[in-house]
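Same chain, two partners: chain A is paired with chain B first, then with chain C.
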Partner chain A sequence: MTKAYDIIIAGGGHNGLVCAAYLAKAGKKVLVLEKNDIVGGAAITKEVFPGKSVSLCAQFLHQFNTRIADDLKLSEFGLEFIDTDCRTSLLSNDGRHLTVSFDGQVEGDVAEDEVKAFQILITRLQEFSETLGFLADIPPIDIFDPDMQDKLSALKLGWKLRFGLGAEKMSDFLRIVGMNIYDLINEELEDDRLKALLSVDSVLGTHAGPRSPGTILTYLYRQIGGGKGRTLVPKGGMGAVSKAIAASAQAKGADILTGMHVREVLIDNCRVVGLRTSCGTVYNAPIVVSNADPKTTVFDMVGSRHFEADFVHRINTIRMRGNSCKLHLSLNSIPEFSGLGSEALAGRVVIADSADYVENSFNPAKYNEWSSSPVIEFSIPTLNDPHLAENGHVLSATIQYAPYSLKGGWTDEAKEAFKNICIDTLSRFAPSLKDSIEQSLLLTPVDLENEIGMQGGNWHHGEFTLDQMLMMRPVPLASRYALPLDGLFLCGAGAHPGGGVMGSAGRNAANAILRGDKS
Partner chain B sequence: MPRGAKMKSYDVIVIGAGHNGLTNAAFLAKAGLDVLVVEKNPHIGGAAVSRNLHKDWMYSNCSYVCSLFRPEIYRQLNLAKHGLQVITYNGGFTLTQDGDYIGSYNDPEIMRREIYRHSPVDVDAYDRFKTDISKWCRFIRPMLLRTPPDPTSFKFRDLDELRFLARKFLDLGPRDLHDFMKFFTISVADYLDQYFTSDLIKAHKAGSGIIGTGLGPMSPGSAYVMLHHYMGDVDGSVGAWGFARGGMGAVSNALAGALQEHGGEIRTNAGVEQITVKNGTVTGVVLDSGEEISAKRVVSNLDAKRTFLGLMDPKDAGEKVVKAAKNFKIRGSSGKLNIALNGIPEFPALPKGSDLIQGDFHIIDSLERMERAYDDWKAGRWSKDPYVDALMPSLTDPTMAPEGKHFLSVFVQYCPPKVEGKDWTDDQVQAFGDTVINQLAKYSPNLKDLIEHVEIRTPREIESEVGLTEGNIFQGELTLDQLLFNRPFPGYAQYRGPVQGMYMCGSATHPGGGVMAAPGANAAREILMDLKLGNTVPEDEGDD
Partner chain C sequence: MSSQGLAKEHYEMGLKKTPFYSRQKELDIMNEWHRWSGYTVPNVLNDVTFEYFAIRNSASVFDITPMAKYRIKGPDALDFMNRLLTRDMTKLRVGRVGYSVWCDDEGMVIDDGTVFRTSENEYLLCAQERQLETLKRNALGFDISFDDVSDDIAALSFQGPLTCTILKKVGFEGIDQLKMFDLKEFAFAGTTVMISRTGYTGDLGYELWINPENAGDLWDALFEAGKNYNVKAIGGDALEIARIEAGLLMAGKDFSPATSTVRPGHAKSPYELGLDWLVKLDKGVVFNGRRALIQERNKGPRYRFVRLDVEGNKTACSAYIFDRQGGKTIGHVSSAAWAPTAKKNVALGFVDMPYGEVGSTVWVEIYYQKELRWNRRWAKAVVMDGPFYNPERKTLTPPEAV
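And then the complex of A and B:
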């Protein structure tokens, strides 16, 4: 005897949970099915080594949506932050490291003029992000068949660009929005390290180098949200965010079941009627919301035969190339990074000392090869958040570029070899690191696909580019969360506005469902 | 007021006798204005020239083929009467490393068979690809002979033009808009991936996405560059390319003929030192020789950097324009070899007597090789395994070389403006030339024996001779930040400069490079509008 649900959400990633919470809040009977043992998708804290739990995948909150946090009262459900202004340190080969805060305060030997130019540049970009930020909280504006809300939003956008920014800044925005970050930083800055930092922030999680057009857009996207460019670190790792959202949803009556892999969406007479899990259990509901990426949703969960050919072709050609590996190192002591204090190690540390370094690191990814000098973003979260580990520490790193479709495949030998490259790169700055490593775990894009389900190991469920955003995300005529099959919705990062631990896609999807939207 | 009082004063002086400068001047003269074109070189044409640099050979030593030239301009200026004749060429092929080739054929049935030979699953995709490309060419062509709107302006004209553009896009509908956005923003590699599976077919098609561009086939934005190369036509056949009979100089000569027919003047060996400005208004130009010529209006056919950083006093140009000009992206990425041959080189991969040799041929059979050639450029080196777009116009146009002998034009991608940050040395130029000839010789064993003379051109030579900053053949990169109302930079996309009476008409303005003549024509229309004179410039005639 199964309970009757109004809505079932396939996948308990943070967006699925946000969607569930909003729907439950509106009085709907909601069930969330998550294939893994814990909810959160890519935003989870996991025991990666015995007695040591850290954020498995996503590690920093860049686009924290304060509106969702308030609506869902996340702080009441246990969300706390270890750091609300996490600084970034950049390791330079010549030992001239820098530490930079979100508002452009720079610690390290950088000329005063240069710091000023840097601050002007990031303020300029931040202003664009703030101007556009409201677009993330509403469904993509439908310019072809606008309703009143669309017309108002379009007017608001036009107003913000023309009068909020003013003619001069609007022109500037229209010039740089399609540009690459490399050219912009070379227009404004001299210091290689500051250029490297902005390059890394523009390309993390993408299939792009700083010289690829479109990388200013990815930078602007990363800065949206209530944090205004701040980087936040949740106490208890990224899983704490998901847990708080889940608790909020449950408190409103949503049911969440883990260990339930959705095998297929059930369809009767051209509409969704429920779904079946891999253990054969059937759950019925008139609405199914997929938190999976669009390709997995269409091809694996529903089946392409239920859609028209043009839609299937467009879904099939969504570009979602993952290039990021995750490396966790179990350490018995804190390694000494020469010239960097332990306070910095608890924050965000980046290895890349020039924009060209980042670009050169991207080059091999184009040919499905890994970088032999990768870009690394890491932290030792256990320093600030000692509850994460019973003893010792964990170094968690995001490594780029390591392409999903590696030539020859991600065999055990390949993983071992790449892991050594990553450890060697880190050791250049911390010679004692190797001695303190007890265990290590490398998650390639293929592993991330297997563990978390996102195809291609792409964090964003689809690359964030001009042709894959707004009313074209994931594909035209399906961008407002309702897919072209009655009762089927999408609520993950593959929908507008896209990836990042933000929850906006989940919230927008919930609103679309409550409004009774159809594709 | 002019100091040389006896000197004649002109209505308009056009700086630079490139094809756009000549077009601009011809339309202005046709409207009855007194026009002078001043050119620093002893010959006219800029990058559209035919030069007799070796014995009886005629080299199209910069631009080498014709397609983008707007047919409306050809008709309006009566260029046929002034001797311009464009002959479509057929054929073309890409050679593979394993000794095979893929040919281009006009006959759709033969083309299908050729695709089938390499990749049966791509046959239908090829038809789909061609249909889609034509669709986008037809979509974009009407925008070429229009002045871009200023998106921040509230003038009726700008709002009306924005409305025109918005209407065009809304008429597309959601799906076509998605397809257009892809064409406009993604890489040519990703674009072709939507159609083809065969890497060879993709490489055969991708060349148009990189020619003249500081982008690789895998860089977002290169699909637009491909479109830019497809949107022309020869004799109404969209996407076709042809030879100007007598070389590309024939285009410039015909334009000069049209200009002179309407009473315009041209002075060669007359480089401009400065554009003179008084009280915020242009007064004329000062030549290298020190001679001053006064004019009420000055139009620069030079690129944005040369115009604003070279010819204008920074005080006249203004801080904002100087900064924008400094930030203007104009990195050169192409080189060229012009070769006099004693006969037709053999390509053992081709069937004996094949007509394919009448078209352009390429020696890169995979996207990865192309992209790696780009990586070399990014690092400041010329490509070790370069992409070439080579052809022999003399097979079609016998006026280009003595009988039985041939002119081989070899366009090379990539070639940096500086070598690892330093100026080119003569030895390096020679080494670059050798790299290219060796690349060709791998596929044509007798090529080296046939060579009688070689002219090697890197961006250094292109800059010093033609005047294109950093040797960029498009007078500015064709990326989103430098297209439409951003070309050459925001606020200055309507052909007017920062001071009264000053204009721009080169490829650094909308719609950009290629021997298209649209920027020159559009600028003329704006000038005539400011003078409240009747328009002599064709708008889009909807010739499709």
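And then the complex of A and C:
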């Protein structure tokens, strides 16, 4: 007979772990079941090459929720940062590279007026992000049956927009919030490189180009959290964040089992009674929380027949197209990137020299083809965090665009061909790169789906567009973490506020469970 | 999941004719036809009164070929139907037919219809409105296939006290043993005809389902065997009187199907249609509308379906319902007719809760035309308990021979 649990969390991604920690803190008996051998989901550090461990998928912390870090005392559980203001360098074809910090300080050959315009623009956007930021920490406002808290939140939002920002800025906000980033940067900036940087920051992890509507919103979303747009690099890679959260949860009494794949959620008389793992073990609990994406939860873990048809239809139509590959290169030495110091290589480096480059790179993805001039975000994390590799280095890159449903499929040949495109793109700036490469590993969206479980290989468990946000996330009428099946909750990025290593979805879900919410 | 059955370029076909068209046309002296699901069908062929009395006193033949018909089959067919319909489908055995409604997630009725369990893993769903989109939406995650067989099956509704006798004469051995809502296949003219003891008249009757090629032979056989029994082809108008008299609902007239209703409060739940008996909240599995209907059961519905016995002989078509003469509007009449057999001026309608308890009196304001001039009249109406007409022979097995 297994131990009795109040709540079982299916999936030990960072949101599942955050949810477990908050529930355990409130005195609940919690069990987390993780399919893989290590917890963290997409936020893990893995030995990708012998003796070399790096962040497998997510690499930088943009929206780290300081409130959660404080609540769960993550620093006491070993979370340290290598860098709390990681700068971004932009590689330009003409060799006029730039290095930019979160507050708009620019190093490089840019006119003073242009730097000023850039700073004004990002300060303006940052202010909007801060205005909206509080929405991430609360459940989406229930517009069908609002309680006092919902009404207060709605008032707070209105107040912040009208009186926090003031009429002029609110008007500006309303004008641009649904726009695309391309039009805005062309209104405000001249420099192609700065435009490229803002474009990349607006579209990473999405199925969108800078000219796609809603890309200002994705930019604003990326800047929320306590860091005011700072990029953080955890010591020991992203896995260190997940490990610290897991340790915090365990210290509060949560049990975490790895290598346990949840095969099905068990239902009796229209309510959740537990779950069964692929090895056949049954765990009983009146509440199951899914850290998986909404589609996997509904179709694979529970089964669509246990939900009503309109809900199933809405879940089925969630757009979750992954377009990002992960490329890891095992290096025996640091290749020379012309015009870029090793300090920059330890930070964040972006390859894209204009907004049009980014848009052109997106175009083929619309037709299920990869980009032959991809956007690349990379870093050599082993430079600043030498414990990651016994010897040598690893270059880790996020590559866009490489669609999940590639025409012809992601065959071995296709992977090899795309990997060469990526390495060639990098080599344009580092001619000696190929000589340094010992081994390479390309993870396509399909690989990411298989490895981590998110359908479509979509980081966000659902594309981040206006129609899939707030009270529409994951679908209307089910945005408050409780799904329309008694005892079933969602705590992953598919729920509000969404993806990125932030933990807010996990915390909000825990609060909903503790409040006794029902869909 | 798969679907097929729509003819290519069906939109170019114009008005379709059922396999019974030419036979009906031969009998037609009125030239009053209307469109039903793309087919042309008669309102009346000869005389509404004669046609109505064939339903109640002898035997009537009504062409129901235009009904939307879907064949659903596969290992998950039972689970699929059980999730779609409000009734407990585990109770519907092979060879039986069930009447049910199906709802959207808000518990609002999309349509009503009959479900034929033709084999262990196969059903035929018949409804007045098209349901392809609903079925497609419902099929996600189920190992079933569904085909639109609306055009592949010709059907006749054969209703009236003499129908069993006539069918026996045609040669359908054992037809008199068919219980109400039973379903059986019979050999006929080198093919098979599926006969169900079902109908829309509240009387003894059968529905006959056959492939379109042999449909004409079936028609001829019924008229040949029934020639001394006053068998009559009828149009929709006569049927309309019979179904109102029997207190039966019609989609698009008594309720607006949820899938084509946009105004808040205009769609209706099974409880609001007086169909509580079709909703099995405790069947143990999820079905569409379940959560909303549990809430509604606890909170109480918004409307009540009423069958009204209206004083006088002016039909209360489209009348408002009031709490007293000249008082507050509390509802509306959706269908009304003079019921010739019940000898009552009847109306079906909806009133706001808590009005309309059985036995209570409400008022209707009736507008009627006399020699082109409009008149109005206030009439008292009593809320009836059950249908106005419900003969014993409807359910007797074997049905009483006349």
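The rule is simple: the second predicted complex is superposed on the first by the 519 of 519 C-alpha atoms of A that agree within 3 Å, B and C clash if a C-alpha of one lies under 4 Å from a C-alpha of the other, contacts with A are read in each partner's own complex, and residues count from 1 in each chain.
The rule we apply is simple: a residue touches a chain if its C-beta (ideal position, glycine included) is under 8 Å from a C-beta of that chain, and two chains touch if they have at least 3 such contacts.
Please read all numbers here as calculations on a predicted model, not as lab measurements.
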item	value
First (chain B), second (chain C), both or neither touched by A:Asp310	both
Which of chain B and chain C A:Tyr367 touches, first, second, both or neither	first
First (chain B), second (chain C), both or neither touched by A:Cys270	second
Partner chain in contact with A:Phe299 - chain B first, chain C second, else both or neither	second
Which of chain B and chain C A:Asp183 touches, first, second, both or neither	first
Chain A residues touched by each partner, larger count belonging to chain B or chain C	B
First (chain B), second (chain C), both or neither touched by A:Leu340	neither
Which of chain B and chain C A:Leu485 touches, first, second, both or neither	second
Touching partner for A:Leu443 - first (chain B), second (chain C), both, neither	neither
Shared chain A surface residues [contacts with chain B and with chain C]	310
Contact set on chain C toward chain A in their complex	76, 79-80, 83-84, 104-106, 134, 137-138, 140-142, 284-291
Of all residues in chain A, those that touch chain C in their complex	269-270, 299, 303-313, 316, 484-485, 519
Residues of chain B defined as touching chain A within the complex	151-152, 170, 173-175, 177-178, 181-182, 184-186, 190, 193-194, 215-216, 218-221, 327, 329, 368, 371-372, 375, 378, 479-481, 485-486, 489-491
Sites on chain A touched by chain B in the complex	143-144, 162, 167, 170-172, 174-179, 183, 187, 208, 211-214, 310, 314, 317, 319, 359, 363, 366-367, 465-467, 471-472, 475-477
